[in-house]
Each structure stands twice: as structure tokens, then as C-alpha cells.
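Given below, in the form of C-alpha cells, are the structures.
One chain, subunit A, links the two complexes that follow: it is found with subunit B in the first and with subunit C in the second.
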Partner chain A sequence: MNYAISIVLATAILFVPSITAQHARQDAWLSLLLAGAFGALVTYIAVRLALRFPGETVVQYTPRVLGPVLGKLVGFIYVYYYLFVAYFVQREFSELINAAYLSRTPMIVIICVLTLLAVYVLYQGLEVLCRVNTVVLWSMIGAIFLIIMLGIKEVRLEAFLPILENGPGPVILGAVTPGSWFGETTVILMLMPFILATDQPRMVKFNLLAVLVLFLVLEMIVVAAVGQFGAAQAATKLFPTLSLARHVDIPALPIFSRQDAVFMAFWVAGMLFKLTTFFYAGTLGLAQWLNLKDYRPLILPLAVVITALSFQAWVDITELKSFSGEVFPFAISFVQFILTGLILGVAVIRGIRPQPGKGGEV
Partner chain B sequence: MPERKRRLVTRRLSEMLREVQQKRNTAEDESTLPANGAGNETYHYDKLKQMPLSASLAQNIAVLKRIFVDSPGFNVREFLVAGKIPVAAVFVKGMVDTLLVSANILRPLMHYTRDEPVPQGKGLLEIVQFAGITTVPVRTRDTIGEIVRDVLEGGVVLLLDQESRALSAEVTGFQTRSIEEPVSESVVRGPREGFTESLAHGLSLVQRRLKSPNLAVENHFLGRETHTQVSVLYIKGLVNPEHLAELNRRLKRIGDNIDGVLESSYIEEMIADRPLSPFPQALNTERPDRVVAALLEGRIAILLENTPFALVVPFEFQALMHASEDYYQNYWFATAIRILRYVALTIALIGPAVYVAITTFHQEMLPEVLLFQVVAARQGIPFPAVIEMLLIDYAFELLREAGIRLPRPVGQAVSIVGALVIGQAAIQAGLTSPLAVIVVAVTGIASFVVPVFSMAFTLRLIRFPLTILGGMLGLYGVIAGVLAIVIHMAGLRTLGLPYLGGVTPLHVSDLKDSVVRFPWWAMRGRPHELSKRNRQRQTPDLKPRPESRK
Partner chain C sequence: MAGNGRTRFCLFIIALLVIGGSMGGCWDKKEAEDLGYVRATALNSAPDGKVHLLAQVPNPATLGGAGTARITPGASQDAKAYRNFEAEGSTVFEAIRQLALQAPRRLFWAQNTLVIFSEGLTRQGIAPHLDFFERSMEIRRRLNHVLVTPNDPRVLLDVPAPHETIPAGRIERIIDQEQQTSRFAIVTLSAFLRMLSTEGQDAYCGVVRVRNNPARPALVQQANAPEPTLTIELSGAAAFRGDRFAGYLTERETQGLQWARNEIRGGFVTVPSPSGSGRVTLDILRGKGRMIPAIQDGRLLVTIEITGVVAELAQAEAPLDLTRPEVLHTLDHALAREIEQEVIAAANKSQDLGADVLGVGAAFHRKFPREWREMKDNWPEIFPTVEITARAEATIHRTGFIQKGITIKD
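Now for the complex of A and B:
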């Protein structure tokens, strides 16, 4: 559960308020409601599929479900999807650090540091990833809560009026991006074999709970951002959550006024674990796709590949932001929702069951 | 008449001694030891252990003399039991208490006066053992190896004629330090006894606190040449058998493959799960109360000869932040102190790094008033912040190291020079800003607050790369560095127990003894990962309250 929350939270808190506010204006909080519902649906489908083959990853069972050729192809789409999210995260992350903190440091340095950390985690395996995650996640949520609480007195409720000014259309549009982010819980398709058999039956509950917590946190941020800055400003700010942190002002204690160091600490950690998770899923997936016994030889080459991809894929931050609003959600929703649903549907109709005794190999 | 008897005895004695002498001369020729380059052979216990004693006193003496040919202090004392039967006492002078030897072994045997005659050969050993010598521990031995070991450990071994067994009596008498207050872990409240270099003292200190038949010990002898006794202590029923088996396996792996074990750090490094990590992977302590507390939690203690530092394994990172006194002080106060320590840990780790990062990259994060101060202080400093910080930090470490190694009177001179030169002159000369000196000073003091010294060393070490990262990549670099440390720690294990145990894997009941310390009546369970079989530490209903309300 911790897992799902932190991987989605990390990127979502960055852009969600501004992207959602672009479309839905003051109704951004309603968009999130929709997005949360969509996320819950995707999560439910993904967990159902994962539980149908509890000992295998999606790359391993698609060839049996969809036939060898199509199955391998779909398997590769999943692998690419995970790596795609990984390099998207890399780029997004370095853009923020570059824009907000280290404007004269070459972006390659920033990406390399983060990627090396991810490589270090991957060499140590999934267990370390989960352990660090538990340490960081709750402090991250705590930090967000602190930032919001410190600025709460400036939230103006008038900013949310009038409700549904332009009808439901913009609200639905605004829900698309956060919805796709909620859907990132589909990474469970790669992780299920490593969850204790005794815990697996509870995964449906856990993952839906994760979506709920996530929803609450994001809703808080959106409300805080729109409430403090107004819909118009929230939409134009590049990183509204960072602005929230910088906006904190306690006249009595000036030393606590600028919270962006705290924000950065937990956000770097969050991004690292999101990158690591998807990088792990992609590397493991590729290893299984190629029928390798161990994924470790692939770590460094893939790290180089995604680092390079993260550079050539987008020209600058404006393109990245419009991409993450207009292309990214549809592309990844296709994998998360349609492909996952398709595999589950075919598996149910053809009545394909897991092969006995076949477990996930690391 | 008495004159005649005396002459008779003398003659009989000299005859016997001559006999022994002759036997010995022949024995030396047919001695079973390989005779290549006499005096230069080396011997190992595992080989000697397979060599049985012969039934001939002369031959046994010859063999031992050959083994110990150049050994310091090796002695063979030949005498007659009850004035008739020849016996040899073998020992190393300086390792045994000679007064004890003469009072408890030589005197009773030489003056043996019982009605029944002393037999020659069969039955003699039993009489010597049960009616003769009066030392407390006496054991029978049948191989040369065992005898060699007993002698080297400060025992007296009695070799009898026509008997292929020997008797080994423990009369160790070397000098040891008396029990004193541990220097590295002193307390205001709590027991003031510390371990000494004597393992026997150590075991008794533990046993005195733990009067339970469940306290168990397993002994290993490590080191081909030093043959250091290592005692593994645990409490039956509390210890996790897997941990115990794993530890024993790792100690056996060291066994005789190392030539010497002089301090517990040898073992710490040889049983580490991650040999390349800078973090301590065994908890060292001089305090018997701390060892007993660990045993009660289901951990294992390793005590060894010749060092006052015992090891405790497995343990979690948080144990490095606890002092034994935390449990003897009021729990509110102990909690406050622990919070203080964690803050100190943070400062000691990232203090200089954050200073460098903020003054170099993120001036905008400082409130205006503070910013003006910082800028004014750094005006005219010829170095970038990171070089300035590394220089002063390095100077501080120099002072600290010099202070430790120097004799006390000189040490004072060093600290005066340090305070004046670094604190005053460097600032006046415009080489560093006063702020940097303050940061280094606070960092240095903060690193002293960490109660376990091996952890403080690790902190001092990690601080430098973090400072450099802060100078290169600002706060982002510092955070990346800290994350790398957290990742590393999350991957560490001691004897298979996760280093960050309690926090991850999370067990809420374990957090009662972490940053906070709950009162004793509330700490009902033992650490979760350690004692899966025996979780309950005490009965649930121990909170004191007025009798009437029960």
C-alpha cells in the first residue's frame, strides 16, 4: 500500500494542481474526485489480473493468455511503458531542480545523480526499495501536511465559486491527467509475485486504500493551491506545490518561513522511489521478456538508455508540461486501462489459469 | 637408626631419579615427534590434539620439553608422591600462582600420608585426583594437545608414570586489572562496573546479574597462534536459534584460519554481513549491564579474553543511539535526551554540508536578517565555502586526534593552541568566517553526543563526502547523499536482522523503545524481529496504581 501511494504521489503533487486547474479552473477539486474514481477502477482491474496469476509477472503470462506472438508484443509494451514512465520521471525531476534550485548546473549532472542512486537501489533488490520507501513515505505525507497547514489561513473559499461555471466538460478534461497518474498503481502487475502469499488476498483492499489516501492528499494540495493562489494563478504556475512551500510565511518565526528545503528533501526522495520502482519493473520485465535468469546485468545499460531517452524526448519544460497534459495521460491510460482490461478479459474468457509451480524468478 | 633410614631414602631416591633419567634418554630417541631440525618445528593444536599421551612418564616429559624447547617460562617440576612415586608437574612460570601450586599441589602430594599404600601405575591417578591435590577445578587429559593448551592457559598438568592420562589443575595467577568504571561509557546513574581484560571477570560480571540456569555459553578458540577464548553468551528460550547457529557458523569459519585475535573488532569485521560498509555491524560495549539487557531481549553477546569490549549481535541501528543510562533515568527525561541525540545525529551528519549548500547555492532560503549576517561574515574570505568548511573541519579533526594520542599535559597545550589559532587567529586573519567556525564547533560537539563511539566515527567519516556534495550540488547533493546512506542502511543486516528493524519492517510496539522510551511497565514485548518465540517480557498489568482501584 505504501508503495502505491508514494510512487504516484511523487509526480502527481508536482503538476496536478496546475494541469487540472487549467481545464477545470475553480472546479479542480471536482476533477480530482472523478480522477480518483477512475484510478480506483484501474487499480481494481490491475489487482484482479495480478491475483489471477499470483506467482508471475505480466510479462510472463501474456504469451499464454494472448498467444506467443501477440503476447510477446504486449509484454514488450508493458516493459516499454515502465521504462517510459521512468525516463519521464527523470526528465520531470531534473526540470524542476533545474528551474527551482540549480539553474546553472547542467541537467545531465542532476539526472545522473538520481539515476546512480536508483541503480544502487536496484542492485540491492526489491527488499531495500520497499524498506526505504516505508521510511520516506510517511515523512513525505507529514511534510505535505505541514506545508498545507502552515498556509491554511490564506485559503479563500471564494476562490472555489462559482461551482461548475462552464458545465461538466472542463471538469472531465481536467480529470484525465490525474486519472492516468492514479492508474500508475498498475505497477502491481510486476510486483505481485514478490508479495507474501499470505498478504496477497488483501491486496485489493490495500491498493484501493492507497488510492483513497492518495486522493485525499492530492485533494488537499489542490484545494490549498487553488484556494491560496486562485484558479488562474494556480494554472500558470509551473510547480504550484513548490510555490505553496515557498509561500509559507510565519512572521513570528522567520527561520521557518521558507519551507522549500523540506519540500525538496521529501520530493527528491519521492521521485527517486518512483523512478526506482518503474525502472525496476522495466528492468525485471525486460529480463523476463528475454528469458534471462537475473535482471542485474541489464541495470547499467538500461540506466544509460533511459537517461539518453529522457534527454532527447522533450525539448524543454514547456513541451514536457503540455506533453504530460495532452499525450502522456492517453498513452499510459491505454496501457493501464485498456491493455490490462483486455488481458484480464481474455484470460477470463479463455479460462487460463496459472501454471502450477511456476513462480516469479528474480 | 634415623640416620640409617635417611641414608636409605636418599639412596632409593637417587636410584629412582637415575632410572627416570635413563628412561628419558632412551625415550627422547624414540619420541614420536618428527625430528626435522630440532628446536625449529612448529606445532598446531589440531595436530597435537590427535597425539595421545604415552604411558611412560619419561617419554611424555621428553615430548613436552621438545615442544616447549624455546618457550619462555616453561617448567617441569619432578617430585615424588608420598616420597615414593615419581610425578612431574608441568607449567609456565608467570601464568600460574606459584604459592597456590606449592600449597595445593606439591605439598599435599609430597606429604601424602594415608594408611593404604599408594599404588604404582593403575589407581594412582584417582588417588591424586580425589584425595591428593586440593585445587578446585581438576580435569583429566589424554592428548598432548590438551596438555599443551592447559599449560599455556595457566594450568598445572601432572604427568604420572605408567598412566596414559594426565591431570590438569587450574591455578592461573597472572596479573589482571581490577574492575573499574568503564571509560568509554560512564554514567551518572547506574552500575559503575565495566568489563576488564579478563574473560573470567567478564563472565562472572554477567552471571552475577543473571542468576538463571538458562544463561548458556558456547566457547570458541580463535587464532592459530593466540588461541583466544571467545565466549558466546545467550539465554536459552529467548535467543533465536537461527541467529545463534549463524553466529557459530561464522565464528567457526574464523577458527584457526586467522593467526591472532587481539580485540573484539577482529571478530566484528570477520562476521559482518556487509564487509564493505562503514557502519558498525556489531554493537560494542564495556558495560555488563548493557550486555545483560541485550541478552534479555534475545540477543547474543560475545565476550573475549584480553579486551574489555564485548560485542552484541544482532542489533538494530537505533541501539547505537541508546545509552544504558536511558533505562535508569526517568523515562520522560530519557525520551528528551534521545530526541536530543537524534537532532545531534542530524547536525553531526549534515551540519557542514547544509551550511555549504545554503551559502553557496540557496541564499534565498535564508530569512533576510540572517542572510545579511552571513554575507557580511563571508565578505573577504579567500576560499569558497566548501574549501573553507573542509579546512576548518579538518583542523578540528586534527586537534581531536592529537588530543587523544598525546599524554595529558601536552594535550592541554594542543587544545590551547587549537582554540587560539583556529578560533581567534584564523578569523582575524580573514581566512575563515566566524560562522564556519561555529558550525564546525557545533558539529564536533554534536558528534560527541552519539553514545556509541563506533557510530560517532562513522558519522565523522561520512560528513566529509557530504560536505563536498553540498559544495557541488547544493541541497540536492546533500539530500542525494543522505538518501544514499538511507538506502545503504536499509540494505544492511546484522546476522540477518534488518538494520532499520522496528521502523522498517515496522512494528509499532518496538517503537516504544526507539526515539522515545516508554516506562518499564509499558514495555511488555521484546523486539519483534528478534524473539518470535517468546515475545512477552512481563505480565501486562504492571502499571502501579492504588490498591483500591484494581
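Now for the complex of A and C:
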């Protein structure tokens, strides 16, 4: 469960609140309700599919489900999807660090630091990743919770009125971005084989719970951002959560002012974690797609590839931000929702089962 | 990661080189001793559509150590505790970079707490300049207060501040004391930007003025510590229409405005004594303000409701017999009426100025979104016609240490 929460959280809290507020204005919190429901649906489909083939990853079983040619193609789309999210994370990370703190440091340095750490974790394997996460995730949620609580007196409830001023349209539009972000839990399609067979039956519950926690955290942030800045200001902020952290000021306790560095520390750790997870899924997926025995030889070459991609894909931050509102959600939802649903549907109709001897294997 | 001795040694050397190489710092290093911490920024209009910028920077050499901060003219202090750097530029940022031609340190805005606009500049509109303050990553929007001054910022930020090391510090400390009076508005940069961007809400902010120092004549005889001729005072509020200055609110109107905006954290009210002679001053502890819009037969009505006002009897000029509860109830009533009048005074002023600082439009927007869509384009014309009424409820909970003041024997 931890896993699923943190892979989504770190990037979602960066842009999503303001993208949602741009569309839905003061109804951003309603958008998140919708998005949460959509995320739960996507997650449910993904977990069902993963559980149908508990011993294999999506790259391994799609050729059997969809036929060798189409299956290989879809498998490659999944591999690319994981790497795509990975280099999106790299770029988002460096944009924030550049914009907020290290404006003169070349972006390549920032990306390299994060990527080299991710490479190191990948060589160490999945277990290291999960153990680190246990610490990072809850400290990050703790940090967010603290920021929200310290600012809670500043939340003006009238900022949420009038409700549904322009009908439900903007609310639905605002739900698209966070909805697709919630769907990133589909990374479970690559990770299911590594989950203990005894834990696997509980994965549906765990993942839905993860979506719930994610929803609550994002909802808190959106409510705090709109309540404290007003809908108009929340929508114009490039990094609303960081602005919230910088917004804390309790005159009687000045120690809580200017503590955004603490929040940033956990956020950076969260970004590393997210990058590592998707990078791992992509690397492992590619190794399996090429029928390699070990994924490790691919780590460094792929690290170079995604770093290069993260550079050439977007020109500047405005492009990155509009991309994450207008293109990214649809691109990843296509994989998370449509492709995953398709594979599950075909597998059920054709009655394809795991190959004997592979089910439930760790 | 296991490895033989040689690999380990190589790794150790590489690590040493990497660490050693990075010890010099990075591209973005900012050393505390190389920074000039700006505490106050003042903007004024300059000829040719330029903006004049003044940045007040404390001089670290004079800070610390008892007595070194005395900056009154004639004192045996040769260095001022601060420097006011000034520059002109066509944009705020250009002016900031112009300052780098004079300032020996990199001016650093993260510790800035005051953004002061001259009245002249606000009459021309401040939106173009505000963008910088909204965009900058260095400026803390919540920790900055916005003020307007009718005076020249160069004079304002050079008025000696005998109890504080620098004038900016003095203004900050006065702002901290706002809850004693509620007679001036405290508006953070964040709140100011929020008001400017909210539909049906005009912005306001506090006002800081230069005054002749009333204490001066009495103290000129004291040779070694002459009293400065000028002093500063925060009082009232400046109302904006859009991004342009619309007019000043008096101290009383400002308290009324803060009641309506639910910003009251203290203050005082003086009412005629129920005993018939003299006045009674009440110290406000808390209270809540709420705006209730209504549309009746096409007329726009707003009731500003002030509830839960708790006050303390601070002084009665003539003896009050508080052994009888009715006396206090009469006083409660008088307090509530006076609060209502303050609110109405603020409402009338804002309607006269055509600056909806109370956020009446925003209240209609929240409650009547459909009707608002038709009004919003004509709101400046509609706003002065809105019928605003006030209703207050107050209780005096405490009366100090006595029940009945002394009666002076004849």
C-alpha cells in the first residue's frame, strides 16, 4: 500500500492542485472526488489484471493474451509508459529545484544527482526501494499534514462558494488530471510477481486503500490552497504545495515560518522514490521484453536515455506545465485505463490463465 | 557492495576527489556574510514612467552591542544602523539590479517584510509593479505587509526610530501591536493579491504617515539626546479601485471595515456613559463579522452582522454602579450601537469612493452566482446603490478590578 501511495503522491502534489483549480476554480475539491472515483476504478482494473497472472508481469503475459505481434507491441507501450513517467519525474524535479532554489545550477547536474541515486537503488534491487519508502512516505505525509495544520486557521470557507457556479463541466474537466495521476497505481502490473503469495489476495483492498489515502492528502492540499490563496490565486501558482509551505506563519511561533526546506527534503526523497519505481518497472519490463535474464545491464544505458529524453521533451516550464494538464493525463490514461482494461477484457473473454507452474510464484 | 582491496581504494580516492571538488560550493551558493538583507522596500513614481525603488538594508557592523544603535542626529554615532539604497528603473526588477551598482553586497529579499507604495504611484496603478512581488521566489508573500504612504518614502524610511535599530523594524513592531487598536489595516502581500484577484472585492491596505513629533518641544533641553523632529504613525486604511488608489479611510472607518471583514482581534470603542455624564471606553477582546446579502424585489440588501463581541470595561469617566446588572446591559447595548455605526461609516465611505473594500460584490457572488453574472460587469455602478445595514451584538464580560468607581466627596 505504501508503495502505491508514494509513487503517485510526489508528482501529484506538485502541479495537480493548480491545474485542477484552473478548470474547476472554487469547486476543485469536487473535482478531486470525481478523480478519486475514477482512480479507484482504474486501480481496481489493474489489480484484477495483475492478480489474474500473479506470477508474471504485464510484459510477459500480453503476448499470450493479445497474440505475439500485438502483444509485443502493447508490451513495448507499457515499457515506454514506465520510462515516460520516469523522465517526466526527472524533468519536474529539476524544474522545481531550478525555479525555487538553485536558479544558476545547470539542470543536468540536478537531474544527474537524482538519477545516479536512482541507478544505485536499482542495482540494489526492489527490497531496498521498499524499505526506504516506508520511512520516506510517512515522513512526507507527516510533513504535508503539518503544513496543512499550521495553515488551517487561514483557510476561509467562503472561498469555496458559490458551488458549481458554471455547472458540472469545469468540475469534470478539473478531474481529468488528478484522475489520471491516481491511475499511476497501475505500476502494480510490473510489481505483482514480487509480492508474497500470501499477501496477493489482499492487494485489491490495499491498493484501493492507497487511492483513498492519496485522495485524502490531495484533497487536503487543494482545500488548503484554495482556502488560503483564493481560487484565482491558487490557479496561478506554479507550485501550489510549495507556496503553501512558504505561506505558514504563526506570529506567536515564528519557528514555524520559513520551514519550507523541511518539506522540500521529504519531497525530494519522494521524487527519488517515484523516479526509482518507474525506472525500475521500465528497466525490468524492457529486459523481459527482450527476454534477457537480468535487467541490471540495462540500468545505465536506460538512465542515459531517459535523462536525454527529459531534456529534449519539453522546452521550458510553461510547456511542461501545460503538457501535464493537457497531454500527460490522456497519454497515461490511455495505458492505465484503456490498454489495461483491454488486456483484462480479452484475457477474460479468451479465458487465458497463467501458465501452469507460474501462478503465485515469487 | 563487496570488492577487493584495490577497488575499494580506488573508490575511496574517487570519493575524496568528488567531495574535495565540491567543497567550493555550487553555482547557487549564497553566503550569509555576502548578503545585504533588505528589510523594507518602498516604491515611488519617478519621471518618464519609471519607478523609484528604495531598499532599506541594516548595516551589520552597527548592529549588536549596547548603545551602538542610537542614530538620533547629533549623537556620537558616526555610522547609521542602516543604509537606504535608491535607484530608478523602468521596472521594479530593473531598479533592483540598478541597486547592485551601489550596494556592496548582493541584496537579498527573503527577509523583506514591508512593501510600501507611495500614494502617487498607487494613483497611477500598481498592477505592473505587483507582478514582481507575486512572481519572485525570494519574497515571502505571507511575511510581507503592504502599506501606502502619502509621504515621500525617502523621508518615511529615514525617520529616526529611537527604540528600534532601523525604521523598518519600528514599522514592523507597530504592526505587531495592531490588535491594541484595530485603527489601521494590516494586510499581507498574500492577502492583498488575493483581494485584487477576487471578483467583487476591492483591495485595501494599511497607511503609514510621517508626523511632526509632538514630544519634541518638551525635550529640547536634554542636550545629549535631542528628540527627532519627525515621527511615524500607522493609521487608517487606503482603499483601492482595481489597482488604483481610491481614497483613505479614517481610523474609525478602518475599525468598521475590519469588523465587516471579520479581521478584528482587538481595538477599543468609546460610548457615552449610561450614568448620563462622561464617557466609557471599552477594550474589545474579540468578535466575528459576517456579511449576509439579500435580493428583495430587485433591490440589493446587505446586512453586516457582528456577533460574539466580547469587551472589557477599561475606563469610565464618571462612576458606574455595576452592582446592578442592568447598567452593564445598557452598556452592552451602547457598544453594539457604536459598532454598528462604525461599520456603517466604513460602508458609506467605501460607497462614496466606489471601492468595494468590504467585499459586498464577493458576498453576492457567493450567494447569488446566477444574478451576479448579470451584475458583475456593472458592479462599480451598482455598488454605491446597495443598501447596507449593520446589526451588532455585544457583551461586556469583564469590568476590571472594581465594581463601582470612587465617588469624590464634595
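Here are some notes:
Heads up, the rule we're going with is that the second predicted complex is superposed on the first by the 358 of 362 C-alpha atoms of A that agree within 3 Å, B and C clash if a C-alpha of one lies under 4 Å from a C-alpha of the other, contacts with A are read in each partner's own complex, and residues count from 1 in each chain.
In the analysis below, a residue touches a chain if its C-beta (ideal position, glycine included) is under 8 Å from a C-beta of that chain, and two chains touch if they have at least 3 such contacts.
Please read all numbers here as calculations on a predicted model, not as lab measurements.
Within the superposed three-chain model, A:229 lies in touch with subunit C and out of touch with subunit B [touch as defined at top].
Look at A:351: by the touch rule set out above, it reaches neither subunit B nor subunit C. Using the contact criterion defined above for the overlaid structures, shared-chain residue A:105 touches subunit B and also reaches subunit C.
In the superposition on chain A, A:158 makes contact with subunit C only, not with subunit B.
Applying the stated touch rule to the two superposed structures, the overlap between the subunit B and subunit C interfaces on subunit A comprises residues 101-102, 105, 109, 257-258.
Across the complex, subunit B meets subunit A through its residues 361-362, 364-370, 473-477, 479-480, 483-484, 486-488, 490-491, 498, 500, 503-506.
Across the complex, subunit A meets subunit C through its residues 99-106, 109, 158, 161-162, 165, 228-230, 232-233, 236, 243, 246-249, 251, 257-258. Taken in their complex, subunit A has these residues touching subunit B: 97, 101-102, 105, 109-110, 113-114, 117, 120-121, 124, 127-128, 130-132, 134-136, 254-255, 257-258, 260-261, 264-265, 268-269, 272. Of all the residues in subunit C, the ones that touch subunit A in their complex are 26-28, 110, 137, 140-143, 176, 190, 193-194, 197-199, 362, 365-369.
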